[in-house]
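I have a structure I would like to understand better, so I am pasting it below and will then ask my questions one at a time.
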Amino acid sequence: MNLLYFMYMEYLAKYNIPKLFGDITFYIIPFCIIALALLIIVLILVLAERKLLGYFTQRKGPNRVGYWGILQTLADAIKLLCKENITPKGVDRFLFNLAPVLVFVPTFAALGIIPYCAEFTFVNTSTNVILYLILAAFPILSIFLGGWASNNKYSLMGAMRSIAQVISYELPVTFVLLSIVVLSSSTNLTGITLAQYSRAGFAGWFIFPCIIGFVVMFVSILAELNRCPFDLPEAESELICGYNTEYSGMRFAIFYLSEYAMLFANSMFLAILFLGGYLSPFGGYISHILLGDSYLASILVYFEQVFWLFLKSALLIFIIIWIRATLPRLASFDLLKFSWSILLPVSIVNLLLVVLIKFGGLL
Amino acid sequence: MTITTFKLNLGPQHPSTHGVLRLILELEGEKILSCEPDVGYLHRGMEKMAERMSYIQYLPLVDRIDYLAGFFYSELYCRIVEKALNIELSQRVKFIRVIMLELNRIASHLLWIGAFLMDLGAISPYFYAFREREMILRYFEKLTGQRMMYNYFVFGGIRRDIGYIEDIEEILKILPVKLNDYERIITENPIFISRTKGKGILTKYTALNYSITGVNLRASGISYDVRNTDYLYEGLKYKPVVLYSCDAWARYKARILEIRESVTLIKQVIEYLKSCSPTEQKPISPLNLKLPEGNYYGEIEAPRGMASCYVESVGEDRPYRLKWRTGSYYSVNLLRKLLVGNYLNDAIAIAGSLDIILPEVDK
Amino acid sequence: MKFIKAAINISDGLLTVFKHLFRKPVTLEYPEKRRELNNNFRGKLTVDGCIGCGVCKRVCPSGAISYEKNLNGKVLSYTFDLNKCIFCGNCKYYCPCGAISMTKEYELASANKKDLKLKYNIGVPEEENIKENK
Amino acid sequence: MNIGEFWNIFEGAELVENRIILKDDLHKALQFALENYSFNLLKDITAVEKRDKSIDLTYHLYSVENDEDLLITINVWNEAESVIDLFKSAIADENEIYDMFGIKFIGNEYLKRLYMPESWEGFPLRKDYIQSDERLAWDDDNNV
């Protein structure tokens, strides 16, 4: 990123454009790229989920709009855009409208700190991991706002559930993150990625020394994303639609899209922490193997790195959808019990184990 | 400290009330303090209708009391008229009726398994169960002409002789395999067990006091099955399914076992049917069908508990008074007691496990 | 031990679901592909060879059948109101001369309720009646 | 169980066909049957309006242990004793009878219009009930 920044500044300096303009535009352009890419990715994810759920249950999923149903989500999005935005009587108007706006902020911010390839992170601070931890818990705030402002008992209950859920699942995540920080001696996501490099490819991934941590983290992320079997905040068969019961039209669409955007961001995060991020699973990159040390290869490598990251996160998303197809929902009480009495101790034990491995001379 | 409670309207439009049941719950947090069922959104006046229609006119409507198990009510009504007119059925007709009843019971239980798991949040079993149910419904359509409103039994026999026995044999071949599939997904799943084991305990005393019959009663450890004394089932080997753990899990397991039991029943009947020659019966003349004065009563083991019908005739071509007793009606009444003290998401599991269907409640 | 058992059970369930990913979908894309119906199917009613006895009217549970009489009391024509018909098949079953039959036609939606009132004149060839009720 | 023994206890009770017809003391009779003969399942309560506009309530009891049925009938006019303290299932039955026949069950606090709206006038299963609400009448011509 720094390289790009200097190249851009040099280019502007050539034409005597003030530095301030460069500073501002340098962050606006990537934002637009993210926003556009995110929308496309979310549309693909929604379709993928519906298709996969269909095939898991021996159906075809959406198959009417466009070839193989490809345009189905687009059609749904357009339909939601055209729908009336209903504001029910008795809602807290300001908060009710604010919640869907706020829900996208942390998602965008989270996508900004993810290293997509070796030279492409929008904001590369030295404490990326901690920043991410905060941002991942942030959408819950707007969920709570929405649930609270809706003046609906179902919404309120969904919001309450989601708060309880996130508080109890944030702790195991923190402990697992600590163990990752111990393993990599870095709090920067690029640093963590690079710490997983080994000549043998996937052998250096943190999933191997920290397999327990991976399972804990995976479960906690399912809970934070409100995905099945932890989809209590919207538990369709109990709370109708949970916190977004009263939302309609575009506001509902934003909640819906942010859910998938967060799914995407979190799966990438998981891939970075445990599956080597943008590193190739074979050690060397395919473009280097095919094209040697040419200039083209050094550019293509960046795209390849993005590809590996996306592939890994796609794999994780597939598993998440697969789990959704199979498992029933946990009861809200069991959910909290599961976190406090199983996941938390296990994650602490995992931290101890990792410390032993790291400093006990095992690695 | 003062405790604030609030009222929650569960239904009549709610994803997991399977129709238009309305439960007025008083909640403290998510804990249920009291439950008041409100029914009648599907009331069609079945009993009043009977007083205005001739016996033959009323027969097709009887299927609609329970659209998932129409054969049972059809059979019950035919049974009463046959009893009044002293019509003796041939063994073949009796056994054809047994096949239809048991297939219908399987279809009904399959739908329940799917819907129950959907309430708990698992998606796949719903579609798998519907896939098998579809086979049975297609067979019914082939034989009777419609998928759910069969109108196949007539006074003194059946509308047309049974055919397509190879279809039934195929269903019987496939069904146990698929049931094993469901059991692998559901029965031993720890989440499912935590949601159902020990939840909604229906003791023997409560079950009897609330007049619960059928599978729900047998899952509470009381071996009361009308099929034991039913004249249709004479000469068939049948073992009632009795489980003793009284909870939602037992009610689920009992239904799975009932399906298996029904399969063995149908197998016995098919063996008999292959050995005897087809019979042709003539329809009773519709013009002067009058029941002799007196009162007539019949019982049958429907999928949702014992169903009974009481007809009082004064010698006209229509009943003077007709009264239906349906199993679900008492299950709804039981919710008053069973839900109290449970949390909202357990309440869904408990109410789902009783297998309530609203047309049967409202009649 | 309990954990291992739980993990095995969950993965067993996951694998069972995964198996279905490779099976052929059972979806029937309705307007293009249709189920095969056999001759027992109870669909739209047609009449041929009616003698005007009126049994069908008496067994119809929903009052969907009505008839017109001339001054001598002779039945001239029958009207089947498909808005009211519940397709129970009583009229077909009890018809003494087998005049009523049920076709496999089940897509009976119409913008106008009058289209769903089928009028059959007695003593007129079947084809004409069908043409009239198209 | 010897039914004759049972109906001797209650004064004025008589045995007709297979049912016991009580004059009075319905609650006591059901309690007696429940406690002494373990008739612990109340299958249902059937109400039939007689020609003289009185109503016959038939309590269908069943004993799971002995596999026996017992029918107890009582003729009432507008009020009857509630048995919900003995059989909780009677809440449902009595409520339905109240809704359809208008019989008040004394001691049953759950009574309300069940199928019918709260404001509904008349009791539909009564023989003299005439459905006169024209909003509900099906009009062929106006529904085209």
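Worth pointing out:
Every chain is named by a letter (A, B, C and D) in the order it is written, and numbering of its residues begins at 1.
As a working rule, a residue touches a chain if its C-beta (ideal position, glycine included) is under 8 Å from a C-beta of that chain, and two chains touch if they have at least 3 such contacts.
Everything quoted here is computed from the prediction, not taken from an experiment.
With steps allowed only between chains in touch, the distance from subunit B over to subunit C comes to 1. Set against one another, B-D and A-C show the most C-beta pairs in contact at B-D. Here B is the chain whose Cα centre lies closest to the centre of all protein Cα atoms. One finds 24 Å separating the Cα centroids of subunit B and subunit D.
One simple way to say how far apart two chains are is to compare their mean CA positions; for subunit A and subunit C this gives 51 Å.
With centres set at the average Cα position, the gap from subunit A to subunit D is 62 Å. We define each chain's centre as the mean of its Cα atoms; on that basis subunit C and subunit D are separated by 40 Å. Of all residues in subunit C, those that touch two or more other chains are 10, 13, 16-17, 20, 26.
The multi-chain contact residues of subunit D, meaning those touching 2 or more other chains, do not exist; every residue touches at most one other chain. Touching of two or more other chains is recorded for residues 56-59, 325-327 of subunit A.
In the complex of the two chains, the subunit B residues touching subunit D come out as 39-40, 43, 45, 47-48, 206, 208-211, 213, 222, 224, 229, 306, 308, 310, 312, 320-321, 323, 325, 329-330, 332-333, 336-337, 362. Residues 6, 9-10, 12-13, 16-17, 20, 26, 35, 37-38, 40-42, 55, 58-61, 86-90, 93-94, 102 of subunit C are the ones touching subunit B in the complex. Subunit D makes touch with subunit B in their complex at residues 40-44, 46-49, 60, 64, 67, 87-89, 91-92, 96, 100, 114-116, 124-125. Subunit B makes touch with subunit A in their complex at residues 6, 8, 14-16, 30, 117-124, 126-128, 131, 185-186, 189, 191-192, 194-195, 343-346, 348-349. By the touch rule above, subunit A contacts subunit C in their complex via residues 52, 54-60, 63, 322-323, 325-327.
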